[in-house]
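Just dropping this structure here.
Should a chain be cited, it is by its letter among A, B, C and D, assigned in written order, with residues numbered from 1 in that chain.
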């Protein structure tokens, strides 16, 4: 499982923040089945609203692309988010008696709102690379969590969720986004991205977004 | 052929500008086959660049949507533009020995640039409805031109082009966008859109965008 | 003290949220001098970063203005924020041995970040009125708090702060912004704003921003 | 007269486009007094609308700044444009019997619209440096034209205009913007901006904006 050179470097630069995200108590609860069903439904509702705004941020990436290939990949991701990933949430929630209109009306928690609006602002205030640094932790983190849990899980209570993110289609999304990030980094920073004066700022963005992911899990357990 | 109530009202409000667009000499040249092949290739190259930026403007619409349905439709349009409509241009140009990299490198003419950047700014400065008023003339005008030429054409020289825009899939796009506009107008202006203080401004936007379409055809004949 | 018709209606629509903001324990601590100095400095540091992003949101309002008067007022507010209001923070912090570079390097807390990025996104996703509904609670709330505390305070411990917001120049800013909001509401919604289909959404925006203000005070007391 | 290292490099990279702008027939007509008064008033009206949108683009720069100094300079420029530079136009036009409301209602020509919307999109699609590359030709070109004409002019017919742009305050604006560009280039590209993979794209932006300036002068003479 490798999602690209730039992502690896950004992940490493977070220090203890990345592990705090991918090994969060919420994640362990998905793997051993100890997560209360109510917490999972609470998560799904907030995550539904999250995905709406996350899809908006990927659409912003389309408007900030410099090449047709970048546009195609970003536009494909918007579609995957709105039409596939959200479908999982709608389906599971429907099974629990929560309709899509009720999902959409979920009151967005501040921890949720903080994250997506931060990502959107990363795009508006900077360029495509600034935006991608804020988008990456969610995309790739879920890929890593899914792949980890597929191996380590001791319960099938949340296997629908685990299957979605560990399965090939989602892993392919992670690799594609990793390739996109490497290529944009190369195109805007050159052959030695770490040597660019922007490097520290990009690592900071990625770390802040990862920290907001931790805050999101925390909120789901409250 | 009806693309919705709001569109009809906006079209009517342009006075002589709309007819100047849909009955332009360039359009008549497509119908009777008198358009020089060089002018058509010149148009395809500029239109390729146009579609890139027009797709960016539809992606902006995704970021400005208030409901999931709006997002889905806007995201679908981005995809259709990048993956289908552009394909027609790539294919015809390939047949004339012009590759996609050459297409992408086309120097954008000021008349072309003026149009798409105006549409993008309509979105950034206003709300979704302001953006849709600037997007509509291109989407629906091509639908109307395609449908007209399918009936009135006296030559098959440009039947590929005419077929694309007169065929059911594109006509359905026009009807869907018309429905979207009616619904956003209702949601933001209420049951009497013409009575809203924004109405005149929206008609002006639509008319300006239509005028820029006329300028685009003019440029293609230069 | 009246900051305009639209503001009054929005404030009333928040129900108990507005009082939770303007009568917050943090505010009472400013009035009776019981707020620990450390909490006040913590607030000033976070608020410095807040004002940076809040000024960015007012600059966004300049880009979304439809008339020269709106632009002038919004541009004037950007200047007042960057050059005057921030100066108060810089000065008090300097007195406590905290330089501006250190202020600027303050790590932004999630509750802080949530608020300003929400306001910026209100502008990017909507029109000027959507943005103003998210900007209003901070501008006017501080005016109301300042005016209240000037009368009710039982201590002079924080009189610099209270004077800044109760004094005529800041009160004039509140009245000017109130007039701006009334005029934009009239220009975009007509003579019966409450009857507009957008009214509920605007009240919701204002309430969400007010709720984020409450979260900001809470964070300052942690 | 030097407006910074980066500006000098960008100017040189335009080849013949920069001279076509600063030595345009319109400019020569200002210097020798041969420009018809009607053409000058036509210019002032279009330029009034231009400045409105150009000020919006500078406000966008405030929203895209990374440091307080950048914000202060950009915010100061917005103010100078809205409150000083526009005042010259209002005053001269008032002398010719054209009121500000009439000025504001000027129908924007496509060549005018193309320019400002291109600049705004440079900001929205890229980062602050992309935006500055599109803003620079107008700011610095007027400074260079003003300074040149102050020396070479053979008529006093347009000395108000020439004085405005050759005088110290405007020259200082050019130097400040030049310093800003150098500092942003250093902060985002490093110590060898020309060696950055973005360099060619930035030169292209600057050249396109300069070309749109030439189109603006052409339009004024039509």
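In this text, a residue touches a chain if its C-beta (ideal position, glycine included) is under 8 Å from a C-beta of that chain, and two chains touch if they have at least 3 such contacts.
Please read all numbers here as calculations on a predicted model, not as lab measurements.
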Interface sides of chain A and chain D: same vs different residues, half threshold: same
Inter-centroid spacing, chain D versus chain A (mean Cα positions, whole Å): 41
Inter-chain centre distance, chain A versus chain B - centres from mean C-alpha coordinates, in Å: 34
Set of chain C residues in contact with two or more other chains: 56, 63, 120, 124-125
Chain contact graph, described as a line, ring, star, complete graph or other shape: complete
Chain D - residues contacting chain C, complex: 52, 55-57, 59-60, 62-63, 65, 67-68, 71-72, 74-76, 78-79, 82-83, 86, 100, 104, 120
Chain B partner contacts - residues on chain D that touch it in the complex: 56, 110-111, 113-114, 117-118, 120-121, 124-125, 211-212, 215
Sites on chain B touched by chain C in the complex: 63-64, 66, 124-127, 130, 186-190, 195-198, 201
